[in-house]
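The letters A, B and C name the chains in turn, as written, and every chain counts its residues from 1.
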Amino acid sequence: MTARFAATELNLSNYRTERRYRLMLFSMTAMLVLPVLIILAILILKGAPMISWEFLFEFPRRGMTEGGIYPALLGTIFIVVVDLIFAMPIGVAAAIYLSEYAPDNWLTRAINLAIINLAGVPSIVHALFGVGAFVIFFGFGTSILAAALTVAIMTLPLVIVATRESLQAVPQAFREACWSMGASRWQTIFTVVLPNAISGILTGLILEVSRTAGETAPIMFTGAAFFLPFLPESVFDQTMALSLHLFVVSTQVPEVPEALPYGVALVLIGIVLIMNAISIVFRSYLRGKKKW
Amino acid sequence: MVAAETRTKVLEVNDLSISYGPKTAMSGLSLDVYENEIFGIIGPANSGKTSFLRAINRMDAFDSQMNVNGSLRFMGTEVSAWRNDYALRRQIGVVFPLPVGLPMSIYDNVAFAAKLRGVKGKAALDEVVERCLTRAALWDEVKDRLDSLGSQLSGGQQQRLTIARALSQEPTLLMLDEFSIAVDPVTTMRIEDVLKELKKEMTILLVTNLVQQAERLADRTALFLNGSLIEIGYTDALFEGQTQDQRTKDYLEGRFG
Amino acid sequence: MSEKTLAPSQLDQRDASWYVDKLVQILMFVGGISAIIFIIGIFVFITKEGIAFLFEGFSFTEFFGSINWRPTSSNPTYGALALIVGTASVTGVAMLVAIPFSLGAAIYISEFATGRTKETLKVLVELLAAIPSVVWGFIGLSIMNEFIIEVFDVPIGLNVLNAGIILGLMAAPIMTTIAEDALKAVPDRFREAAEAMGATRWQIIRQVIMPAAKNGLVSAVLLGVGRGFGETMAVLMASGHAINIPTSPFDSVRALTATIAAELGETAQGSEHYGALFALGIFLFIITFIINLAADLVVRGIRKK
């Protein structure tokens, strides 16, 4: 240990070791993020030729080996919208409770543990729950409603965590100033806390859209169908969905042209990554115009 | 002293103790505050001054760690017995050590309390905003930019904004907690002049770390030390050396704290 | 002055905003406990559907001891051993990939990278985490499959290795994020104190920062394991989905999650097979619950210190 301060040769060798480790860690990081870029490149290369107006806005034909993805695209939008109607209010309310009301007690710890577990329970178990609860018990059948509820519960932690973080970033002094003027808790939350946490809530919403669009397992037995020759008419109808469509055309349908699933994958990942990119840009934009 | 007791009591405190979890912040506090006086509280850091203010406007309702015991009457009613604790707080204006301009426009900062009280209509709100900003000696500086953010004013301006905000509540009791800590001396003097005027309309509880400030403003002054009341008396008398407790004398003469 | 003489009883009225406030508090509380309700709901409903099987068709020794998962045979058997081993082997390979790379990336991002590089890397990790599981499955099925067949000269590219690598890439971003948070949480004074003693960056990382962030790193690994364990679509598509006790990384296997996903559509509600799939779900729920609980307890350990 004494040598650490002594010889310059040792310092030099330390320096070399350090550079070696740094390089090693950098290449490990690169190898982790490189696949995203490679995968994106391959998907674009092979999938881009498929993308056309017809592909996006026509029904599949000939056992899904030809034609477009319109009903799947629309179905994904339906599921996302119904999902948001449930996930956003519940998620934001839960975040407000945890950030603004919850005392430090066993119940709050239990809620936090439940949130971690909602996020950690396998998606297929959520699917089983959706089947048992919404499809069978509540009698929604396999429907957009049942599928959206199942995904909403599964992705709830996303909304809660994003919202809670942004609520907690609002300085406590603002709340105390507001309370001391005689504002109720809710008036304080509504006039001071929420307006300043809106960026986090919107980030949560965008991520929720992205996650919901990509989920497959929780919707495949609760409301998404392999193929439907018509569009759903209400939330109690089944629908096709983009994510399940990718699974179907890449594994279940014989003699699909090679480019077709690449096209579906590209559209799906396009939606997801654009949503995430928006949330990232949005976040850094809002970070730049903080009000305090 | 006999004359004093015939005045209306705004605050009656009896054997009050305050704790945060296992930590005691104040114990055995008994004092009265009368209408239209400036009551000064002096004492070093952590002597329980701020905790006392927080207990008066029932901040313990928002802080599960904070525990208040004993009797604390405001306008003759136990603060914990108020059926609507928000209405209680609307009667009590607070100015914090560090100015807190809410992240909304200057106008909204001042109009907020009036809106909570149910004041409606732009004309009525305009009137409240102008009156309160004028009283807080800020109107001339901000009248042309009432739409800009309250949190982006300078420290001294923000502190006057918070005073204007507290005044907009039309409080019975105005509590100031070391308001001059982040304010330049000139602004401090201007605010002190405002307080002397306000005394005619309301009761003022002035917590200060500056002994001279208490001397300049307070009718009566109390010394808090390590969570208990050491001495309470007429400010003039205390500063003339008529103290009961040696520690008061030492503190007033700047030997500790 | 007239206001000053008002008695509190006249001021102290519960107005509309007081009632609104109480109502909102109740609503927010309901939102808050919804997570608990949902978790309990999940357990109740999957147990409700699976309980009949657990009492009738289920045999503990068969379930954990037999590799014969033959739900559709005339004399059905429900041995989940191969499925458990399948899941375990894929998760194992995934962790071999994910642990070194995600910890390495976390250390690099937290301790070496600065400014724009750091931001870019974090964004890329975030995007990596965003790729949907079915897209990963498709990548395994198409790109990785061909790649493994070419490189290792094996007949089938859908196997433990393929699913493991895919799963590793899927778990890595979450593990990187959590590990980076843990490293970031080590106070800078630790770094400064060690620097003042003349230690190099690497020595500081090895001897000061890693030990201080140990719990967070362990919890990152645990959550990664949980993620790998529960992944469904990607494993279904990339593992080959063949009931098999693997002897090499090039063997196809079948995972617990994938079995449910593949078979649930073909079973009649209330049948023995249907119940058996819910029983697998109960098993998965309990295992992931334990893993998440353990990760949470480990993290709580740091806060206590």
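In the analysis below, contacts are C-beta pairs under 8 Å (C-beta built on N, C-alpha and C of every residue); 3 or more make two chains touch, one makes a residue touch a chain.
Predicted, not measured: the structure shown is a model, and the values here were computed from it.
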item: Which of B-C and A-C has more C-beta pairs touching across its chains; value: A-C
item: Chain whose Cα centroid lies at the greatest distance from that of chain A; value: B
item: Chain nearest the global centroid, as defined over all protein CA atoms shown; value: A
item: Cα-centroid distance, chain A relative to chain B, in whole angstrom; value: 48
item: Geometric centre distance via CA averages, chain C-chain B, whole Å; value: 52
item: Averaged-CA centre spacing for the pair chain C and chain A, given as whole angstrom; value: 14
item: Per-residue overlap in chain B, given as positions that touch at least 2 other chains; value: 86-88, 91, 116
item: Overlap residues in chain C, where contacts from two or more other chains coincide; value: 17-18, 21
item: Chain A: positions in contact with at least two other chains; value: 184-185, 187
item: Touching residues on chain B, where the partner in the complex is chain A; value: 57, 59, 62, 64, 86-94, 96, 98, 100, 102-104, 112-113, 116-117, 149, 151-152, 162, 165-166, 169
item: Of chain C, residues touching chain B in the complex; value: 1, 3-4, 7-9, 11-15, 17-18, 21
item: In the complex with chain C, residue positions of chain B that touch it; value: 35, 74-77, 82-84, 86-88, 91, 116, 170, 172, 201-202
item: Touching residues (chain side chain C, partner chain A) in the complex; value: 17-18, 20-21, 24-25, 27-36, 38-39, 41-42, 45-46, 48-49, 100-102, 104-105, 107-109, 112-113, 121, 123-128, 130-135, 137-139, 141-143, 169, 172-173, 176, 197-203, 223, 226-227, 229-233, 237, 257, 260-261, 264-265, 269, 277-278, 281, 284-285, 288-289, 291-293, 295-296
item: Residue ranges of chain A touching chain B (in the complex, touch as defined); value: 103-105, 173-185, 187, 191-192, 195-196, 291-292
